[in-house]
Amino acid sequence: MNNLLSISLFLPELVLTATIIIAIIVDIFSVSNRTSKVSNYVIIGLLATLAAVFLTNHSPTTLFMDSLAFDPFASFIKSVVLVATLLIIIFTRYSNEFKGYHTGEYYALLCIMVFGMFLMASAIDLITVYLSIEVVSLMSFILAGYLKNNPRSNEASLKYVIYGAFSSGIMLYGLSIIFGLTGTTKFFAIRDAITTLDSSSNLALTLSTVFVLAGFGYKISAVPFHFWTPDVYEGSPTPITAYLSVAPKAAGFALMIRFFNQVFVDGDSLSTLGWYADVSFAWPEILGVISVVTMTMGNLVAIQQNSVKRMLAYSSIAHAGYMLMAFPTISSEGVFAVMIYLVMYLFMNLGAFFVLIYVAQKQGGENFEHFSGLGWRMPIVGIVMTIFMFSLTGLPPTVGFIGKFYLFVAVINAGSAFYWIAFFGAINTVVSLYFYMRVVKTMYLDGNPSEEIIVPPLSVTLILLVLAVPSVFFGIYWTPILNWVNNSLLFFVQI
Amino acid sequence: MDNLQTYLYISAILFSLGLYGVITRRNGIAVLMGVELILNSANINFVAFARFGGMNFSGQVFALFVIIMAAAEAAVALAIIINVFNNLDTVNIDDARELKL
Amino acid sequence: MYRDFGTVLIFAMLAIVLVYVPLFIQSLVAPSQKTPDKLDNYECGEEPEGSAWVQFNIRFYVIALIFLIFDVEVVFLFPWAMVFKEMGMVAFIEMGIFLLILIVGLAYVWKKGDLDWVKYNVKYGRGRYRQKASQTEGEAVGSI
Amino acid sequence: MTGDMLINYALGILFFPLISFIILIFVGKRLPRQGDVVGIGTIILTLILSLAMFGSMLLSHDPGFRHEASFTWIDLGDFEIRLGFLIDNITIIMLLVVSLISTMTHIFSTKYMEGDIRYSRYYAYLGLFTFSMNGIVLANNLVSLYIFWELVGVSSYLLIGHWFEKDSAADASKKAFLTNRVGDIGFFIGLMLVFTALGTFNYAEVFEGVAKGAISGTLLTFAGIGLFMGAVGKSSQFPLHIWLPDAMEGPTPVSALMHAATMVAAGVYLSVRLFPLFTPEALLFIAYTGGFTAIFAATIAITQNDIKKVLAYSTISQLGYMILAVGTGAYVAGFFHLVTHAMFKACLFYGSGSVIHAMHHALHNLKDHDTDPQDMRNMGGFKSKMPITYWTMLVATLAISGVPLFSGFLSKDAILAGTLSFASHHPQHFLLPVFGFSAALITAFYMFRLIFMTFHNQPKLPNVYSDIHESPKPMVFPLILLSSLSVFIFYTLPYFNPLSDHGWFMELIKAKDSMVPGSPSAHDIAEGMHHSHTLTMILSILVASLGILLSWAVYIKNSVSADNWSKRLDLYYNLSLNKYYFDENYNKYLYQPFLRLANRVSYIDWDLYDKYFINGFGHITKWLSSVTGRIDYDGLDQTIVDGLGRSMGKAGSSLKEIQTGRLQNYMLFALFGVIIIIIFQSF
């Protein structure tokens, strides 16, 4: 589709751009230092964007001369990202970490990041892949270091920016080799070109794709590209940590799904997928090993943490590992499972982080000891946190169980060659029980239960319920999510 | 000099130098320079491929975007390093070790 | 097309020759008396002070960063200029929007005071450039 | 009323009580009046909606009315479970009964539970109870039925154990819950049998499958009996009847709700709903269970002295009637009895609650905490003190005894006619009508015994008697309403024949044919009942008056001495008084061996499994994690990363500093990973 026609299907991004510009202008001209003003505009803008995402209906096609895809899959990821962003804005308004900071541009940066993730969700051209990843990364660097006077936040952003620049550099080098080998930057053309490559290019192709994998691995924090994650997550302001663990990860997974399913895969539509036969790639094994190592490493290190925030950081690595389980199968079922998991993960992980934000404010810290006796002192918070922990472990009847269920089904249905992944996944789930339940145990068995009861204010209760109710409700009745994902499981595919 | 190989060698050397710089230099700014080297090596690749591969303009366009992104990244990274310098009085990245297991 | 560049090349070579040949001749014929004053750096007639290897004020970095960003955006103007005639009005509007966004950025930088050499509302952290803590503690914080 | 509107109404009926539950459980204590207004408000809304549905049913007057709506709950490709509502005349009547009784309970409880420490929680649980029961009623499939079935179990557990400080109440709630589980296992087995054979849970589809013969013979019989086991548990049939009398430990309004409309009715409702899939063998089993329970419970009721226990056993007995009706094919009569019974039994319970309330107050004023306020031997002569309670209870007693002009006569008569006609077709089952009629006789006897001992004669404890007062208005109002609903006229409109059950009810609820091939059709059953109608009527009037007369002779005239008779029938008397030693025998032959077994198993669990396996696993996990931690940070950092650093040519003293720089270690490690992957790829 040519540029002018594309504009009409680019509506969500346009609304988002307008939101960004308005946010900056409002920030410039606002006399008072009240930051909620900008956030109000941004919330309205993001809601409008969400509406635009749902309103732009068109059969799958490409925009801007084949550099972006417009399809239900992209819209799905966009909605997930938007919901996460809206929740994070609310968290931020509630969090007291930003006290004393001017947060006008914070919201604008957040919106630019959303824009980048929109592009990530729909990129089908190497240029847009690189651009979108960079936009998201740059914004996350700044946001991670937003607390300028906090050395930990500084350190987080320093590590993040250098590691991120390094990873994207490596990825870019890989992209350049791919471009050289195939002579094009479009996914579909690359796929066609790969078929005609002779075996002498195999090493170059391997090198380049592994370099690209390093970039993706950095984005979704998969072992061995995950090292920045715990440090950055711990140092960043907690709302940003929550955000980084959900939204960019969702977008990263979307990009990875597109890249692997459209470049390295034989077959024209999702139903007839299969790994590319001509080139001798060991993708199933490599991705399987990465997945298993990622979740094992995330879980085992999480056990040793004393800070709940850092524990959640490692747990988010482990969850990336779970989601990676479905990649080696390269089936539509696997993609389906990852999409479901993304939605489920959104609720439970953001919920856990919000409880963390609240508890850190009330108790003055983020370590396990600050949670002791919490179940008795703040009954609602305790119950809700228990729900989130159950859900993160994957126990029924919570969303975590449903997400894991579909992942395991996808892996097992893919054939006996993948059973070992499911096996390690199951073991890891058991291991993760240990540290998630440690939170619950600390809340209910430790500490002095006789202290007076603290009832959170109504707004906090509401936010908690908004996150906890879906965590249970969709664990019992998940058909709406299933339908949504089913309808969104439609890529743009060039025949 | 009108040989694709030559450019690829230069780019590969540049890439390796960049990696080396990133991994060995202590100074944050120097590490950033290493990153720039990596990016520019990729840029050389793009332009060389576009020039010698008889391909369309995508390579050059990509190179343009990379330049922009490199500039933005450098700006952000420098700002962050300045900020770290303000707070920690150092730009040595191995002094930033407060966050660990 | 190559011929056009040939003209440019000849022009450039001529320019180099015309600059360097007189300089070379001058160095041959001119008398050379080395005094400390003559060997000193030329700083518009002022007496140079201190070493050239001083640490620059941090403001230089900030200004440089801002310059860098706006300067690099110009990269997009060159390809645009190449196709402007073919694309006509659409290209014009597109570039207008692009520049408008840049101008919003400029306005932002301006408003935040990053274009001022002396910036009052900056509270630096605890490092070297921390201002007298008593003066600015608790005031509004700008960006670098 | 259109179908969609009915569905909306049904949604309201279902969820209003749940909303009340949620509000009350979270913020109930902080609301004015501890939030009982929320509970009452929502239940009245529910009642209004049910009345609207009922009205529309009467207006449209369509016996075949049926509306179904469902949505997909679980969709796993080829495996799909749909949940939904089924609304037909049975549903509508049942909804009205549930909401009406529930409303009465809410109102009655405002006074009865006044000052209770968990007042708002009590109302919350009432909401949950009503919600679950409405869910059962509205279900159009076995899964949601099962879910709500368990919810009813949970909420009854919560309500029976409301005063859990009392050991007896806590035990009773546990007993009720566990006994119900036993039945539910059967229910679950039946459910799964049906599903594996037919691949669906939906009633209509199940019946269709049965009609097609997709499941038949022994399997269907087992499935039917399995499903019926659920009803045995919930409706407290022999041999799982033991929980119901103990459940009297709950507050009396709860007993009324539970006995009349919600919990025990669920079992009968289930049997009525599933009637078309029962095979003749299963039905026979059901009939004998019901008939035996009817007579069996009645014989226990004779000797009980606790006013609520008498009512409890009478409930078991009446439920036996309903089950018997289902078993003999006259399931419409069973359902009819369920409705009429709901009214007069609720009335009786509220009446007993009113009496207990009065006794309790009187004893409280006397500071007497030893005398049992529920023991009928401490009562007597309350007629003059509590006239409204007396008259309303009398009406209800007349109804339950099967005296003409009252509702119980109509329904009981229909059931007995069903048994008679069944026995006339199958003479070998002559025991069924015998059970029925003798139970009717005994019922009339013990119910009047209750009335006479409580309200007539001389007061046994004069000082207590002097302090007895009529209960306050919120308690009396339900009594009056429900006793008037025990009059025949409400069930036979627009006809005024007190001796025939012909009326709107029988016109709107038409019996469906059994779906099991070879069963007698609904028409045949109705024919048979019609033939035996007159005989039944005469017989039942006879037994009822005989029972009443006997009771009158024993307890008013004293012409027959109860004490003498009890001595003469010593063995029987003791058996009955001790409820046939059921609890003791269960304890000796079921619980104790099971406990011993459980002890053994728990030994394995705790000492072997836990100590070695779980702890071992924990140790291994911990050890592994510390090892990986060490590998990660000592091994990789110190050895490999450093080594790589060396190999990359950095020598000298600055080497050490680089190795401590963590960020660069990270990047090195990432590179290392890239290299490993490339090596792996290339080979």
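By letter and in written order, the chains are A, B, C and D; residue numbering begins at 1 in each of them.
Definition applied: a residue touches a chain if its C-beta (ideal position, glycine included) is under 8 Å from a C-beta of that chain, and two chains touch if they have at least 3 such contacts.
Computed from a predicted model, the values in this text were never measured in an experiment.
Asker: Tell me, please, which two chains come out on top when C-beta pairs in contact are counted per chain pair.
Answerer: A-B
Asker: Can you give the whole-Å distance between the Cα centres of chain C and chain D?
Answerer: 84
Asker: With centres defined as the mean C-alpha position, give me the chain A-chain C separation in Å.
Answerer: So the centroids are 40 Å from each other.
Asker: Averaging over Cα atoms per chain, report the distance between chain A and chain D in Å.
Answerer: So the centroids are 47 Å from each other.
Asker: What is the distance in Å between the mean C-alpha positions of chain A and chain B?
Answerer: 26
Asker: Which parts of chain D, given as residue numbers and ranges, touch two or more other chains?
Answerer: Answer for chain D, listing residues that touch two or more other chains: 629, 662-663, 667.
Asker: Note the residues in chain B that touch 2 or more other chains, in rising order.
Answerer: Within chain B, the residues that touch at least two other chains are 22, 31, 61, 72, 83, 86-88, 93, 96, 100-101.
Asker: Send over the residues of chain A in touch with two or more other chains.
Answerer: 148-149, 158-159, 162, 166, 170, 231, 301, 304
Asker: Which of the chains are touching one another, listed as pairs?
Answerer: The list of touching pairs comes to A-B, A-C, A-D, B-C, B-D.
Asker: Would you pull the chain D residues touching chain B in the complex into a rising list?
Answerer: It comes out as residues 629, 633, 645, 648, 650, 654, 657-658, 660-664, 667-668, 671.
Asker: Note which residues of chain B are touching chain A in the complex, please.
Answerer: 8, 11, 15, 18, 22, 28, 31-32, 35, 38-39, 41-43, 45-46, 48-49, 53, 55-56, 58-59, 61-62, 65-66, 69, 72-73, 76-77, 80-81, 83-84, 86-88, 93, 96, 98-101
Asker: Help me check something: in the complex, which residues belonging to chain C touch chain B?
Answerer: Residues 58, 61-62, 65, 68-69, 71-73, 75-76, 79, 124-130, 144 of chain C touch chain B in their complex.
Asker: In their complex, what parts of chain A are in touch with chain C?
Answerer: 3-4, 21, 24-25, 27-28, 33, 100-102, 105, 148-149
Asker: Looking at the complex, which residues from chain B come into contact with chain D?
Answerer: 19-20, 22-24, 26, 31, 92-94, 96-97, 100-101
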